[in-house]
Amino acid sequence: MLHEECGVFGIFSPIPDNLAVTVYDGLSALQHRGQEAAGIAVNQDRQISFEKGCGLVSEVFGKDRLKRLPDGKIAVGHVRYATTGETSEINAQPLVIKHVKGKLALCHNGNLVNGASLRKALELEGNIFHTTSDTEVIAYLMTKHRLKTPSIEKALIETMAELKGAYSLVMMSPAKLLACRDPLGIRPLCYGVTPEGKTVFASESCALDAIGARFVRDVAPGEVIVVDEKGLRSFRNHCDTKPKALCVFELIYFARSDSIIEKVSIQEARKQAGRYLAKAHPADADLVIGVPDSGLDAAMGFSEVSKIPFGTGLIKNKYIGRTFIEGGQRRRENLLRLKLGVVKSAVAGKRVVMIDDSIVRGTTMRRIVALVRDAGASAVHVRVSAPPFLNPCYYGTDVPSRDKLIACGHRIDEIRAHIGADSLGFLSVDEVLRLYPEKEPSEFCAACFDGRYAAGAPADFFEIRS
Amino acid sequence: MLHEECGVFGIFSPIPDNLAVTVYDGLSALQHRGQEAAGIAVNQDRQISFEKGCGLVSEVFGKDRLKRLPDGKIAVGHVRYATTGETSEINAQPLVIKHVKGKLALCHNGNLVNGASLRKALELEGNIFHTTSDTEVIAYLMTKHRLKTPSIEKALIETMAELKGAYSLVMMSPAKLLACRDPLGIRPLCYGVTPEGKTVFASESCALDAIGARFVRDVAPGEVIVVDEKGLRSFRNHCDTKPKALCVFELIYFARSDSIIEKVSIQEARKQAGRYLAKAHPADADLVIGVPDSGLDAAMGFSEVSKIPFGTGLIKNKYIGRTFIEGGQRRRENLLRLKLGVVKSAVAGKRVVMIDDSIVRGTTMRRIVALVRDAGASAVHVRVSAPPFLNPCYYGTDVPSRDKLIACGHRIDEIRAHIGADSLGFLSVDEVLRLYPEKEPSEFCAACFDGRYAAGAPADFFEIRS
Amino acid sequence: MLHEECGVFGIFSPIPDNLAVTVYDGLSALQHRGQEAAGIAVNQDRQISFEKGCGLVSEVFGKDRLKRLPDGKIAVGHVRYATTGETSEINAQPLVIKHVKGKLALCHNGNLVNGASLRKALELEGNIFHTTSDTEVIAYLMTKHRLKTPSIEKALIETMAELKGAYSLVMMSPAKLLACRDPLGIRPLCYGVTPEGKTVFASESCALDAIGARFVRDVAPGEVIVVDEKGLRSFRNHCDTKPKALCVFELIYFARSDSIIEKVSIQEARKQAGRYLAKAHPADADLVIGVPDSGLDAAMGFSEVSKIPFGTGLIKNKYIGRTFIEGGQRRRENLLRLKLGVVKSAVAGKRVVMIDDSIVRGTTMRRIVALVRDAGASAVHVRVSAPPFLNPCYYGTDVPSRDKLIACGHRIDEIRAHIGADSLGFLSVDEVLRLYPEKEPSEFCAACFDGRYAAGAPADFFEIRS
Amino acid sequence: MLHEECGVFGIFSPIPDNLAVTVYDGLSALQHRGQEAAGIAVNQDRQISFEKGCGLVSEVFGKDRLKRLPDGKIAVGHVRYATTGETSEINAQPLVIKHVKGKLALCHNGNLVNGASLRKALELEGNIFHTTSDTEVIAYLMTKHRLKTPSIEKALIETMAELKGAYSLVMMSPAKLLACRDPLGIRPLCYGVTPEGKTVFASESCALDAIGARFVRDVAPGEVIVVDEKGLRSFRNHCDTKPKALCVFELIYFARSDSIIEKVSIQEARKQAGRYLAKAHPADADLVIGVPDSGLDAAMGFSEVSKIPFGTGLIKNKYIGRTFIEGGQRRRENLLRLKLGVVKSAVAGKRVVMIDDSIVRGTTMRRIVALVRDAGASAVHVRVSAPPFLNPCYYGTDVPSRDKLIACGHRIDEIRAHIGADSLGFLSVDEVLRLYPEKEPSEFCAACFDGRYAAGAPADFFEIRS
């Protein structure tokens, strides 16, 4: 099972339209959730066509490739973050499969806890797999249940009873668009309507904004929504009323600043993190700066409480992308200087508070601190808008193994010394669960920080290598 | 079920080596059997990696892509002829699947008669399909049997009992290279050894020559051969002794002139077709020419018997390939002039006998006759080194449906008038079954000409649309 | 003459090294100055090799293409902004030409005022041109003078006497690296040294930072610098002491926020623009936001003076690049929503001051104002950190013709009504010339705003169409 | 000066039409003359657009790129054979330059003897060069003369007076299509008309056939032909009546078998070479085979005279193209086996006469002889349809330097031993000059065999390295 973060998108139109271009736009707005692969499937008169490949949406879909997709009434799309290698192309989504009732196109964001054991059980029945992803496990379960149930939505509900872990799914059968979220609501999913009456599902509300759709509401944890010619229907009773467990790392890092998830403004949550840091870890400084992009909002929150002026101290080179030439050790060191420019005139002679969203290995942060000092900062106080990473995530966040996490086995002061900062402060677990004060801490999952796995951990967790 | 002709290749090396480049070379020698897609899978320490895509071997595998494949002890490859569209990339082979005992990479040349009904039965058990090809059906059957048998070769033998139709298979499990041919031996398959002791399977002997391997023998109809660390083992008893049914169109058109299949020299078989034509359909003429490439050998046979001099009257432009720009009606007409140049100095003022391997719709032949007349030929006598096409092929040859076959519903003289020839003669069915006089006519399948389907026809034949 | 903005880079190493990768990095840091084409030339033992093409640095130079360039002691590179069409590939730089004394590789940022007349005169002498760019004119003049002078630097000095307009040049002969700036210093150019002793020229200091070089100083207006085996030599006396005329639009828009040009911090100049706006055009508002990226610094300056809180109201989608699929009218309107996301939680219910760097046609600004209102802003006060565009630029800034400039022929209030803002304020010409208070207004060129052309206008200005 | 063989094509249409596709087809028929680069320029209303690049016509011109070219009344095109490296892309033709009277697009087949000295003289006048090809020298001379003459055709006539060597040119000015051949007629060039009244120039008549044009006649040595709105005009008086000197290697190797050059049928000339060989170097053998493609016609001629049956002994794999993966020594040896398949059934046990068009280094021939022996031939008698290569060609044929020519310094018997043949016979110089018996030997150039340079040799021959 590969750990991954992804973005999903789906649309239903009462009349046939060029939906591929709308999905293209929606996926572009979700591109920050995954840059490794992208795909779109369109349903034209019950026939499902698809195109997918490795790269950004704009790289996979040149003009010609987008035009190959027909007009239709239903379409789904996916952007994917994943490790490289053999599996990346074959694991690109939508996963389109054929079963006896027709084709099914699935888009999945999340990670199953029992994916490996479900796959093993399926294999023991003689089933074959083309991919290494959980999504194909879900496709099998859907198919098995579909044979015995009168509708695809019933098959989905029965499938959900077998799944453990995080999943926001958007899928398309010959006649229906379906969406669901796992009972804990670990990964986000919302829907809206366009002025012309199309129904749209997306991982984040920023994708609704991008295509001019009006946000209606989040898909509820455990909810199944079906859209077809007869309209939209919701199914909820099948799930136990469980406490919710939205991933806090969505707030801190994954989601785009202008998205609103479960009524939480992402920008506001990040500013709140900065405010907490200013109170818990004040610093005697002249300037607050953020590491772009996700450290900026927290820096403004820190400035607001501390009254230390906010400024732009680091400039991100937006042209350094996926295809940029990398190289040996010397080159890797240089790459940071290419990615981040320091505004000398802003930091020279100043005592600087610098805020970033996380520290994983510590290597990158050490280099950034050095860059800022080289530019003349007289002190660098690092504040991190998240608690220290201590545990793996089984629900789709790519946290490295414990031996690579600097916070496992090192005290805060050791980390501070390692990164060369004058002081270092992390957000506390209590604070991270209160980034949106109107919500209960119990409505979030922060297992990577506190080890309390809302959806459990794999009984016998292991990585299946393809 | 897509009708298709393909080429398969497999290699086992006692010690790890760069097998990908050998498969690349072998597939290049089989390229005439399929230009739509190509793929290579390599087994390194029980891990199977693969690369595949649409296009010629040299287009799919640039230097970088070939280098991505590791060294290993086993490798298989495939070239594919197929219709265009959505399915072509996803249907590229080797088909690599995962089941509970590990990965399996399959390469298939042929077409099942009961592929659709086997697929339907599998779907009704809740199995899902990613491709539209028979090969995935075979993969499922292999997997189901493998669960209940101690070895992959037993699973293959049990699978063969369920398959009806044409199949030459080369496949690779974590530890073994396997090859088999259907009990009628409809499609060719042979094997050889290299000077360094590698065992090689290939659709045609020309691929053994190309990589410097010594031809050992044809895989027998119904035979299963396994190669692994312990050596090579053959299994034959499982199959009823059936009469053989090698596809005659392999001799007339598919195979390369320098291949030897079931001890038949392809070049010699084609010359024999020309000799028969010269006896059965003599012509009062000054020159014998062939339509390149496959009409040339027959033209030499015709010349040998008729004593009319052989000459080169048509030059094929070898640069007009798959990516050549096509266009409207006017352009399609021009394309023939681009593909074939007439040697005016050779044909001007001459009565010409022109030999081609087949007439399907008659359109192309009409244009060629006109070209040769325009170049000054005083008469054009067309001879065809095959009988008229009258029936569909269910075993992998892409014969169009009957309404597109000019020989269905037109007398020979009507066809002659349509193509504008001075006379027209076809090979008879008796002659086509005696292209290699040392063999019995009953050892060949000529169903496309005589309607006698050696492996039966689908009970309820229909095209499954994806 | 095509109007264009570009970035130039050059490097001299005492010992042979892989300079191509350093130029690649330097150009990546200058990518904001031109995204249409990129090129690198390397001098290995007096032999000049080059690679160039259309696209971003990372698109033109995949790993293989960069490796084609040899190690060497001298290298130059160029990124180019230009209109599309036939000319874009052929006009990519470095321009590498051969003359009787060897090869010459030229990189040019700027635009000549007398380019067309110089070209005409050269053509009347029987000279031929491959490109439509001024750079080829300069190459000819260099060559003609080189025939009559003992050194390439003398040839450059004599060439400069004939050129009128803006030019920052970096060029490479078989033995020397040369750099110069026009006598008015319209376009920037600076140099630095690396820890290993390499000398580096770049359009902006951010490129020196990116490769770890120490900034030494700006190349002086009119100065010629030569670097070769013997060291670095400067030539200045050949030029009249003219008043300088650095392009103010470099400060407002072109240059990267972390660059320092002629001792002016670009970020500080932009903040100063915001401060001026706050004083001259105050607003009764709750929030100051900037249009990313270049409006952000000015917004912070506005906030600083006005005491209205600064916030992030607009998020730029950094994945919407050059290859993004565009389309008809409806699509173009949607594209803005894709490019800019509004943070509803930040602007809803607020009176907003929004700062952008310029208004050209007014179309884009009207759409942004509408987006911010749709997100719930109760008022939108637009402030522009530049004066209204009134005149064409002859020195390399791509200002559209007067009939497309909304400020030509419309009063401020008409513009305000057109863009739908509650109020509108521009920077004054006086203020724009005082963005860096330590400098005299007379040291800048602001002709696009005030019509005072420091280097004159073409006697008979016309566009040469290729 | 790079030695090169190329193909040129030009067309004039009385009314605007999609000429690019016709040039595409014409170049495809000339593709055998050059596979390294291809280009097309179209003149629409006096504006010249062009596209060119490295690769086959079908590789350079995908559908999109061909569509970029507009309709027009005049168009020219070029295919190029050249060495690899930096120069190949920049040297692709048509060469399109701008001078004071407008644009000029030139296509050149041949090589100047005085190209280096003309270039030197031009450089000493301060002219600059972008390419390393003779064509740019011709462009300069055209431009210089055009300034002083009333018409482009006069400029061409005056330019021809300065050129020494081989050149067949097709060029296009804003209003005219021009074609000329050097006074000795070393390289071929002919013209024809299409049914719709378009005038077409092409290197070989097979390109006229390919686009459905009627052959009118060869362009005469020294002739200039102009086509414009007023019709076609020929200029001949300007040239001394020199003896002609058509390159014999065009007959032996370059030209396509179905072309007719200077009334010589290429196929017939090659068969004549075979007949001469049969008389001068008979062999006691059972079979005559040719090395495809250019050895086949000569083999038939040999068979005709010797009465030894002709057969197909070697099959060329037409899929082994330019992009095929090459490698180390072992791989290079294998490549020949991939390129040529031996028909064992044809050669086994036979004494074989094998005919090829030339022996350069001897390495390839040695491998082919070994392949044929391995396939069971009991004797291999090699006959070469050309005399031994002894001298460099200064007129465009890429003969390697003398130290690489096996015939320089080795007796026939030494060569025979080296290649491992049972006997070896070459065509004599007398015979090669009588390949077309109706023509005088003095009408041909065979300098590469006999050292008599019809157009002289460079006074001080040297290779200019770029």
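The chains carry the letters A, B, C and D, assigned in the order they are written, with residues numbered from 1 in each.
FYI, a residue touches a chain if its C-beta (ideal position, glycine included) is under 8 Å from a C-beta of that chain, and two chains touch if they have at least 3 such contacts.
Nothing here was measured: the structure is a model prediction, and the numbers come from that model.
Undergrad: Steps needed, at minimum, to get from chain A to chain D via touching chains?
TA: Minimum step count, chain A to chain D: 2.
Undergrad: Of all chains present, which has the mean Cα position farthest from that of chain C?
TA: Most distant chain from chain C: B.
Undergrad: Could you give the separation in Å between the centres of chain B and chain D, each centre being the mean of its C-alpha atoms?
TA: 36
Undergrad: Could you state the distance in Å from the CA-based centre of chain B to that of chain C?
TA: Each chain's C-alpha centroid was found; their separation is 60 Å.
Undergrad: When the centre of a chain is set as the mean of its C-alpha atoms, what distance in Å lies between chain C and chain D?
TA: So the centre of chain C lies 48 Å away from the centre of chain D.
Undergrad: Work through the pairs of chains, note which ones touch, and then classify the graph as line, ring, star, complete or other.
TA: Drawn as a graph, the chains make one closed cycle, so a ring.
Undergrad: On the basis of the stated criterion, which chains touch which? Give every pair.
TA: A-B, A-C, B-D, C-D
Undergrad: Would you mind writing out the residues of chain D in touch with chain C in their complex?
TA: Counting only chain D, the residues touching chain C are 49-50, 86, 96-100, 104, 120, 123-124, 126-130, 132, 139-140, 143-144, 147, 466.
Undergrad: Going by the contact rule at the top, pick out the chain A residues touching chain C in the complex.
TA: 21, 24-25, 28-29, 31-32, 35, 56-59, 61-63, 66, 206, 209-212, 256-258, 260, 265, 267-268, 296-297, 300, 304, 309-312, 315, 317-321, 323-325, 327, 331, 334, 337-338, 341-346
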